[in-house]
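Let me give you the structure first, and then I'll get to my questions.
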Amino acid sequence: MKVLALGAHPDDIEIFMFGTLAACAALGAELAFAIATDGAKGGKVDPAALVKARREEATEAAGLLGVTPRFLDFPDGALVADAALIGALKALISEVQPDLAITHAPNDYHGDHRALSDALRIAASFAVPVLHADTLGGTGFSPTHYVDISAHADLKAKAIRSHRSQDPERFVDGARTLNAFRARQCNGAPGALAEAFRFEPVFPFADIRELLPPAPPMRPVTVSTKTVS
Amino acid sequence: MKVLALGAHPDDIEIFMFGTLAACAALGAELAFAIATDGAKGGKVDPAALVKARREEATEAAGLLGVTPRFLDFPDGALVADAALIGALKALISEVQPDLAITHAPNDYHGDHRALSDALRIAASFAVPVLHADTLGGTGFSPTHYVDISAHADLKAKAIRSHRSQDPERFVDGARTLNAFRARQCNGAPGALAEAFRFEPVFPFADIRELLPPAPPMRPVTVSTKTVS
Amino acid sequence: MKVLALGAHPDDIEIFMFGTLAACAALGAELAFAIATDGAKGGKVDPAALVKARREEATEAAGLLGVTPRFLDFPDGALVADAALIGALKALISEVQPDLAITHAPNDYHGDHRALSDALRIAASFAVPVLHADTLGGTGFSPTHYVDISAHADLKAKAIRSHRSQDPERFVDGARTLNAFRARQCNGAPGALAEAFRFEPVFPFADIRELLPPAPPMRPVTVSTKTVS
Amino acid sequence: MKVLALGAHPDDIEIFMFGTLAACAALGAELAFAIATDGAKGGKVDPAALVKARREEATEAAGLLGVTPRFLDFPDGALVADAALIGALKALISEVQPDLAITHAPNDYHGDHRALSDALRIAASFAVPVLHADTLGGTGFSPTHYVDISAHADLKAKAIRSHRSQDPERFVDGARTLNAFRARQCNGAPGALAEAFRFEPVFPFADIRELLPPAPPMRPVTVSTKTVS
Amino acid sequence: MKVLALGAHPDDIEIFMFGTLAACAALGAELAFAIATDGAKGGKVDPAALVKARREEATEAAGLLGVTPRFLDFPDGALVADAALIGALKALISEVQPDLAITHAPNDYHGDHRALSDALRIAASFAVPVLHADTLGGTGFSPTHYVDISAHADLKAKAIRSHRSQDPERFVDGARTLNAFRARQCNGAPGALAEAFRFEPVFPFADIRELLPPAPPMRPVTVSTKTVS
Amino acid sequence: MKVLALGAHPDDIEIFMFGTLAACAALGAELAFAIATDGAKGGKVDPAALVKARREEATEAAGLLGVTPRFLDFPDGALVADAALIGALKALISEVQPDLAITHAPNDYHGDHRALSDALRIAASFAVPVLHADTLGGTGFSPTHYVDISAHADLKAKAIRSHRSQDPERFVDGARTLNAFRARQCNGAPGALAEAFRFEPVFPFADIRELLPPAPPMRPVTVSTKTVS
């Protein structure tokens, strides 16, 4: 079992799917990370210095799961689902031979996220099923699968915080809020966290339940136990 | 402008739509509340005592907006979209003459919520547009409209807390979490709260924007301003 | 873990979901069967005799999994999602306390199937998640979950054949064709069979993967190994 | 080939589907009309007199196609998809034995239209495919089938005008505007009129093209032939 | 408040969204127009002459609202959502800094419209919300927002008529028919006109009501006031 | 009447739509075939030899319907919906002038299929309606139109078998299983076969029924005629 995570920018894997990847690893899965753009636009500093810093940050974060990320080095802010990107993704899939690929949803907020998602739709062909991660803030997203990441919350926060150049606390907070919300949609126990995904059946991948770590455990809804004064 | 809020149980209006109703009132709208069931099953105490207590609690909560709620008194836990309920809702609409009705979504978690929503679909006919409130936890819900309730958060919490028999802090927390999440989906400012709704166009109600208080103000997404060390 | 199967007529559980129930049982789940109508219209013979015969047939079929079915005895061909049916289903759920309920899809071919599905939508409330079985012939149905029933095919055929009054070979054939087709959609191995289902997330049931037996194992698509002459 | 048209009120068949029924008749189909309510609320006059007048008007309109309408006589403004209505519709279908049933869409503007549509969904069972007519004004409606009624426009107008008690010119105008619009969606020739419908595949009715008269003929889109001065 | 209108050809802004732009301007919004192609294929005359004539026509039409249009000058009939187009649109957005962008729907009739819509989906990223205009004839389009353009009908007609090379009366007629139809879907007053749009929530743009001029005012549906003779 | 079939690889037309094309021809339609890629990756042999062999196979198969296929010769496994492919398709449509184009669905299993479908969406513009063929195994596909190919089953099998390099019996079997399943969804007679398609209305093509050969004839569902012993 091998999972390929693809993010448009150096910190996207950490923000959108790191908990699930940690859960996969805990279950024995092998992981591969690929980062589509160089991240040169993620700040108001010298682009070359930023690219170098973010590469180090991404390497540090991935290292928390023992992974050395691949950098595709397309220019930040200019990703297009064209032959170059699709070809690079096909080569990546051919090399990695993943059982599952996880990337951004096609309607996520950032044009680069959308382009990467579009390109992977073609590149994945029938070689690997593609799972779409929750959008930023969950806006316009209807999940079909949830993964309990409660046991991996600290590691996810640490991974996001590796991205020091990105003012990461806002993403730690944003991700925790989103993950807490997704856990609540499953009626998860207090403190539970979950990442949510969407999967569309495509031959030969009609049901990929076995590829994903479990959802938060089911819990009954309870009524008030208050007495009436 | 008159808004009719319909909840299945005595505390549903408060949990699911009170902030929006407060915002409507602040804009000068007249409000009417109707509670479909007697709430006899919302606890492990004597049903008759519970019905009485919850009626008082609902009256107190509605009173925060100067409203005297109507009680339709159908049995809790047994709501069905049949002629009796539909007839009662038609009579209510005929009497109140609302410009907008807000109730539960047809796929909300509780069978009573679903039945009330189904019944109102028929009863509303072409007399009043029906807006569906967010489901419990937002599960399975895709909003089309958001209402900024930041200015009414304290009143909403107070209204929910009026329902002392229901162990209300869990609902105060749940509602705040959901409302904070919905505000984030609009990129609302820190601390912003929003209630989310879904509307399906039906003649003669194709666009009901004018009936709803405003969404959270638009805010740009910003990139990191960190320097690279 | 307890699964409640609900069929509109005495042979519906067998045709639409028996393989999955057998797989659940093999994993240790407890099963309960409920049959909504008396089946009096399933033939051109004396209704009372038919009802008696079909009750025996259903009892025999359920017995293959060690289950004694419950008969709700509503009149065949006249099922309506009204207070009587919804009430009966609520009582059933309250008694059985299932972790999962499986019934017909709301757009299945038979009016009784649709009515039962509609009624269960209300009756299930937040007590139990409802899974919808494949429609007859799969017409108009988009599955979200698949269950591998290859190991239970003979038992399913035997269960259907228990319904001697119903000219059962046509249903054995129909079910096998549908189940073979659903397995192919997963690229199942030659001879694999699967039953397909649809689930819509509703609080507190956002992801019910853990409640279902596994899908057919994933298999890669292969290209031709023929030589070119 | 027999077509059963079902309207909630005495003039609904004429407004929403009369052109298609005329086209069916012109192709040799047998027609049957059923009117669910007595129409007592369609005006501000004495209900009994109105019921009588509308019955005569409906009889006159249906007579234009040689049809004697059936009156189910449920109370106007109070239609509910309950056992009484569903039972009446089942009896009607059993008697008429139609190959196709046409009625209102489940999201049409009038509660009675919605209830009739809901009830027919159950009552039709697997006996007859149900086609949903365009909603009032086409609001919230996505057609799947179009029928060219250009040759039957005058008869449709005459049929609507038979409903003298209903101030019918507004409906003649409204229907013509809608029908002209639907023809334009097919790029129909100038003056073409079409009625639009929606069909959802349900076993055994997956493709009902053969049951419907033809759509407006296809016409290419042309570019300007103007010269540039 | 600044609105960027993007049309594939020199007359598209006028036909599909000019009324709304006029309404925006009347409310004080600043406008910017961009035309993606040179329009060389919109006729059977010399392409270079046509390009020149259409540029003048578009300039004249935009001038009615005090706008000087930008011409992106991609070849007519060959628009593709590739890096060149997406890059040009990103540059445009970066320069104009709009609060709202309006363009064609992704399923509009013309390949160039589809390509422009696809490209803007990527280019808009999280910088600006994208609103999709009604398709030609409204075919396959489900609006979510309506804008009352009754007060701007003459100006819209004049703008379309500026495109003398395009045989514009057919578009004046087509647009008025569509706009009258959309107003009727809102039960607009006699003579009312509306343009219809579709918006899909994407972070940070979950509810953009405040960016759009109002819909036609709500009006009740009335029953007949005829007496029965 | 002219139908243009477009397949991504040399055997796709035969597998996915040959029966319908044979039915079109039998009704007098003229046919044109276009194959987007050279098929160099459909085996483990020398690509150049494979390309040559597959070209001959495709020519032989198309010849069964008297058609000489066009080869667009894009590289197998690398199809992208870019200007080159879209331009080639536009040129093809301009030359062939078809009344209907049939190609793969945008969510079919193979990246090349998806890319061809995406490209044709732009290239078809308003010149020709595009019909999407069933996906491989029908996974994730909701048909809107069915075509009875029972009378053309042998010819379809023969056409698939022309592709000797592709180990064709597996596709003969797969196609027959899918086609039998689709016929069953229409309750087709025993032995009936159907191909299924999906069409989305786009101006000026709102209803294309007249362009398609008939669906399997409608047949009633029958109940058991067994006696009860």
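List of remarks:
To keep things simple, chains are lettered A, B, C, D, E and F as they appear, and every chain counts its residues starting from 1.
Here, a residue touches a chain if its C-beta (ideal position, glycine included) is under 8 Å from a C-beta of that chain, and two chains touch if they have at least 3 such contacts.
Just so it is clear, the model here is predicted, and its values are computed rather than measured.
Chain geometry summary: the mean Cα position of subunit A and that of subunit E are 36 Å apart.
Centroid to centroid, with C-alpha atoms defining each point, subunit C and subunit F lie 34 Å apart. Shown for subunit D are the residues that touch two or more other chains, namely 82, 109, 126, 137, 139-140, 185-187, 201, 203-206, 221.
If each chain is drawn as a node and touching chains are joined, the picture fits none of the line, ring, star or complete shapes.
According to the touch criterion at the top of this document, the contacting chain pairs are A-B, A-C, A-E, A-F, B-C, B-D, B-E, C-D, C-F, D-E, D-F, E-F.
By the touch criterion stated above, subunit F contacts subunit E in their complex at residues 82-83, 86-87, 90, 121-126, 200-206.
On the side of subunit E, the complex with subunit B involves touching residues 99, 126-127, 143-146, 182, 185-187, 201, 203-212, 214-221.
Remark: subunit A residues 41-46, 49-50, 53, 109, 137-140, 142, 164-167, 174, 177-178, 180-181, 184-187, 221, 223-229 touch subunit B in the complex. Within the complex, the subunit A residues that touch subunit E are 77-82, 107-112, 114-115, 118, 135-137, 139-140.
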